[in-house]
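Same chain, two partners: chain A is paired with chain B first, then with chain C.
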Partner chain A sequence: MADEDAPDTGTRSIGKDQWVEQAAERIDNRPVAKLRRRLVQTPVQWRVLGIGALALLFALVSPTDYTTRVAFTVALYTLLATGLNVVVGWSGLLDLGYVAFFGFGAYAYALLSSEKFGLHWPTLVSVPVVVLGTALLGFLLGLPSRRLSGDYLAIVTLFFGQIFVSIVNNGDRLQLSLNGHNVPNKPFNLTGGPNGVTGIDPLSLFGNKVHTITGYYVVTVIVAVVVMLLLYRLRNARSGLALRAMREDSLAAEILSIPVPRLRLLAFAIGAGIAALAGTLFASVQLSVFGSNFDLPFLVLMYAAAILGGLGNIGGGFVGALIVAVLPEMLRTPSTGRALVYGALVVFVALRLRPWGRLAQYLIALIATGVLVRLGLAAFGTSIRPRATGLAGLTGALVPHLTKSVSFGNVAFLTLIAGGLGLTLLRPKWRPVAAGVVSFIGMLAWENRLAEQGSITRQLLVGAALVAIMASRPQGFFGIKRVEVL
Partner chain B sequence: MAQFVQLVVNGLTLGSLYALIALGYSLVYGVLKLLNFAHGEVYMIGSFIGYGVLQVLGGSASPSVPVGILLPLLMLVAALGAGLVGVAIERFAYRPLRQSPRIAPLVSALGTSFFLQATMLLVVGARIVRYESEKLIDVSSGIHAGVLNISVMRMMVIGVSAVVMIGLNIFMKRSKLGKAMRATSYDPEAAQMMGMDVNRVVMVTFFLGSALAGVAGVMSGLVYNRVFHTMGFVAGLKGFTASVVGGIGSIQGAMAGGLIIGFAESFAQGYVSTTFYDVVVFVVLIGFLLTRPRGLFGVPELKKV
Partner chain C sequence: MGLLDLAEVSLGFGGLKVMQALDLTVNEGEIVAVIGPNGAGKTTLFNLITGVYKPDEGDICFDGTSIAGIDPNRRNDLGIARTFQNLRLFLNMTVKENVLATMYGRNTSGIVAGALGLPKARREEKAMHAHAEALLAFFGTRLQGYRWDQPAYSLSYANRRRLEIARALATRPRLLLLDEPAAGMNPTETHEITELIGRLRTELGLTVLIIEHDMHVVEGVSDRVVALDYGTKIAEGSFDHVATDPGVIEAYLGKGSATK
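And then the complex of A and B:
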């Protein structure tokens, strides 16, 4: 009977070692991996063109003007995030005045082509002038910081962004009181102040005025695709290589006689120019511009878009823009927002709490907290109004909704922050239980406060996402990992 | 002349506040070589904490404790709260990134700052809250001569800042922790090898810097009577400018820089334009970066390859 003990030489069953040995091969042969390989092997130009073509197709099938408008926002953000990528992702310069360049472009276009001063420059003249002018401004702003470390550049540009908003908001009464004398005598109205500039000309290309949102969407997609293709060429050209060398190690690059200060200015100017281009599109689609369009929240949003998609990757901006533009639309109505939040929670729980024991701990903690909170509230004699419809009906049984009391939701939210942060400090053993408690507090905060404040919730999410992604995956979803040599 | 003196006093008040904020930037930069963008938000939160404590103690109209105890109490609680916020920011937003490329903590700071602003927007709302300090201390007290007005509050701001800064100086020079902070800022690795707990030093640094910002927040609430969720942004920028002008990383520099920025802003308001004084401060920053990038008291940074 020795034959039965001998190892089976056939292919029907294999030993454990062989199984491990072939693991890499098996993973390589999965359909997802094959698709991914295929995608990676496609040249970047074709990928960009393909996404652009799909985006153009969307214009045909888009059901309503609303969806086209959201798609336009995605395209505009893609353009902005791509420009930011050149400055931050390729060159490693933290340009926090980026949105000011966007605003400068918008305002410059608005002043050159609107009722304001009666100037109606044709689009094909004003847009290039604006783009070149803003690029020059970026160049000038970069000058004082060209020999300094990135920190100084960051703060100078951040300050510049603030100055821009302040000038625009007060630009309806430009006047200096030099030692008691007013110069000029009558305040000069340049920017319209808080009222902004209105009555801006729509784009007119080759004699056709663009009036519909679909038209703007198509123009923006084409512009974004062209910009990406040009950037791809730049990336592989001498200057692009030098830029990346500079990002990796500016000192070493300088020793290789790469003109680092000049390249910094170049990257800066390119970013400013792209932002200005997006600004002209923005101004012409809105037909009006206001200073509040270009403040800090928008800057953070653009950084989130550029970083989520991945720094250093040309197509990354598109992914980031998609997330950043579509997410707030979903948070706008509480019902889809609720579906999103609870869906995300369920996915997270299903993915992270793997062994059943941990999942059970989590659920028990969740429900126990719910029961305790309910009992506690009942003991204080608070009237509880559970919501009764749809998905809310399910959660309403557990999560109390106190419509009258704003402070209850606020307390829940602050507790959520403290709990969420504390969770990261706990030993892994206790995490499922603590996560259950924190999830419940999160639901409490969501139901009582966050759901009705969609725009603030978006800001909170963007801010938290930036911190979280820096801690876990600094290069973003599709970014190129950067190795810093010390 | 009276106007000039008034502007000097205004500049001193403003400058003291900026100096307190600048100290936070400088302390943190000294130890970690990190720009704490979220520092302005800590100042804002400090201001709100002070307001909250004031309301808990009965509000400005009828405080339940005498004013002489109330004001120090406000500052103390705000300093403590802001300090804790600062420590939390360091622990969760910066510490995981200590080995990352330089740009990562800056982006993280941007996110933190935005998150804190949105949090206060959610909790307090987009309104301007007022300390109503005129009910605490009679407006007519203080020095009044013609157009010259120096209220008690302004004197208090200048006095408290001076005391705090002198105290900080002594702390840095004499105390063991102060020495540890200076050693860590000089060479973190060597400090660690000498047995110092660098993480603790960093925590103390953040706590101190943030506590100073909290005190500044309360005083600004008392003097300017306006507290709102975006107030930290501009104040943080000015504070940072002050620390650059004085030489980032240097404590004396932060004080001097704060006063310079305060004077620049005050005189710009008086003699140039009442709306565009921010531009003047910006020009001062650019001017310093062009001519003396290491600031007044800064040491030029040598880079080892």
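And then the complex of A and C:
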């Protein structure tokens, strides 16, 4: 910003700042930097709408119901992660009861619109009622804990999350014993206990019942986009600014006019409302709800999505949801799993091993290990069976494939873990060489053991991928690195 | 009766008496400096006025009404704002957002209006932005231009102190409490701050209560100086009067120093 842009400071002698005056000269004008700037300067609203439009297009080109269902999961998780973002990302409240609000929304919708009590409230009535009711519940939960923060709040909300599951699982025989009289006479079945609530009405919008997964996908994408746009507006409005200030320094915020306890309740209520909205979609697409849908692992998954995407960022929820929903599905079949594993390896090598000398060291170590392993196996008289065609053939030519020998795969897997840990302890100088050796052992373990055990490998690889992502980008994909003290 | 009146205010942490029957009056339009050695209770005084601590005894009145029992944010609504000695900016928000955030109490649009972007909220936000820009312009070019959109943690120490003042001003206070505004600044910047404090009164009509260790600043700005030690007032009056007071010299330099 040049001098003439600065407001006229008149005759005041103070406040001249050379660094600010020369800001324009420091701007990078190379084409890549320009393109990057233009992308960053595109209003967030347009970016959200663009991604939403692409997501809707996917509904048209989605090859099977299965892919649409995965896409629906992504959209639902996006909605949930976005709501969690308000509570954790903006307001800094560690809310471990978040999934209970999701569950409460799902159950409330299930009770209002299902065969259970014969109530068939129309969607456009029951959904707003459920959302507002759950927001009120969030508000009430916040009341006793409005002065708690950090770990203490986490304990209270975790308890709430657990008690919700307990109540739902035991809510099929509610009865009070008062002075020897049972009230009511027969145990009252509210939640269906472990059998859950079934026969839930599908969504019905403007006279059209939504029956297909594609329909639910479209509805969820639209809901998610609208929620994101509203939240982005709110983020920079009076209340959003105050919520974020509260996270940064609640004492300073409170002294400078921000009513912190009240805003905590507000953050809880907003998060609960969004979770409940997702809950109604979940219940209506599943046509049934069970207590086990809302347990602790699901909470962890939502936190993973929100943190991976980058806390505090509106688009982050989408990226995080994409990772936690799609990655496990892609690893379900061995062939896509193989493409993913080798692809990730190539990307990692291309990104991290620079300059060329280091890459050469890596490749030489990789090939040398391969030759040594093959020679060693040949010396022991073990037969080597290359795989047939394509990518599999290519890797088979390089990596010995011994499906019959399970113990060989186990040894390779254990060596891989030891090697991976050892890699972090080495001096940087030796890392390319060691990484080459470890990569080969990794391929060996993959081809001989992991690819055969799809269901277990899936979990392992998702875990490993999350560790790798968080280690290389702790603030998440779209997060901005937070600075606590300087 | 001044703008701010403290009457017999006492505060203890367990057995430790950090404030003992302090009387203090700050009149409208005055600039009063609070000095004293480390641990004298200067920042505690600010914490009592802003509501971080509630006094054990005594009363604090602002503009004639008692504020001793009300919450910090309500006190700000009445017109008391402060800066912090150890800098408590919203570090991961931008410079402009820091100033916008504390305008919360002076505006009214709620979450629904904010999320939907209703005309009322938009009008209010436009005024907030204009006000923030005007406040940041108060510091010359130091908090201008591209710095608006930079995170607060990227600012230099002196600029963070300036932003603290801008953020406090955003609440439209009548009484501004400045906790060591010149700490960590070089002589030129200290001079700037001295000038700036004068402008706070002449241009914005503020009453200022300031804690400062730099005696050039104290001499340059204050109408009146109050010296504290061990939570009690040991001297009060003009700078020259307080600077030569034997009790004050003793508090700073130890017993026997005053007689030499």
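The rule we apply is simple: the second predicted complex is superposed on the first by the 298 of 486 C-alpha atoms of A that agree within 3 Å, B and C clash if a C-alpha of one lies under 4 Å from a C-alpha of the other, contacts with A are read in each partner's own complex, and residues count from 1 in each chain.
In the analysis below, contacts are C-beta pairs under 8 Å (C-beta built on N, C-alpha and C of every residue); 3 or more make two chains touch, one makes a residue touch a chain.
Keep in mind that what you see is a predicted model, and the values were worked out from it rather than measured.
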{"item": "Contacts of A:Val88 with chain B and chain C, given as first, second, both or neither", "value": "first"}
{"item": "Touched partner set for A:Arg238, first chain B, second chain C, both or neither", "value": "second"}
{"item": "Touched partner set for A:Ala253, first chain B, second chain C, both or neither", "value": "second"}
{"item": "First, second, both or neither for A:Ile200, with chain B first and chain C second", "value": "neither"}
{"item": "First, second, both or neither for A:Leu296, with chain B first and chain C second", "value": "first"}
{"item": "Chain A residues touched by each partner, larger count belonging to chain B or chain C", "value": "B"}
{"item": "Partner chain(s) touched by A:Arg173 [first = chain B, second = chain C, both, neither]", "value": "first"}
{"item": "Partner chain in contact with A:Val20 - chain B first, chain C second, else both or neither", "value": "second"}
{"item": "Which superposed partner A:Val225 touches (first chain B, second chain C, both, neither)", "value": "neither"}
{"item": "Shared chain A contacts, counted only where both chain B and chain C touch the same residue", "value": "251, 482, 484"}
{"item": "Touching residues (chain side chain A, partner chain B) in the complex", "value": "88, 92, 94, 96, 144-145, 147-152, 154-156, 158-160, 162-163, 166-167, 170, 173, 175-179, 251, 296-297, 300, 303-304, 307, 410, 413-414, 417, 421, 424, 449-450, 453, 456, 459-460, 462-467, 470-471, 474, 482, 484"}
{"item": "Chain C residues within the chain A interface of the complex", "value": "50-52, 71-73, 75-77, 81-82, 84, 88-93, 97-98, 100-107, 109-111, 113-117, 121, 124-125, 128, 133, 137, 139-142, 144-147, 151, 153, 167-168, 170-171, 192, 195-196"}
{"item": "Chain B - residues contacting chain A, complex", "value": "35, 37, 88, 91-93, 96-97, 100-108, 110-119, 121-123, 230, 233-234, 237, 240-241, 244, 271-276, 278-279, 282, 285-286, 289-290, 293, 301, 303, 305"}
{"item": "In the complex with chain C, residue positions of chain A that touch it", "value": "1, 3, 5-7, 9, 12-17, 20-21, 23, 230-231, 233-234, 236-242, 244-245, 248-249, 251-260, 266, 270, 480, 482-484, 486"}
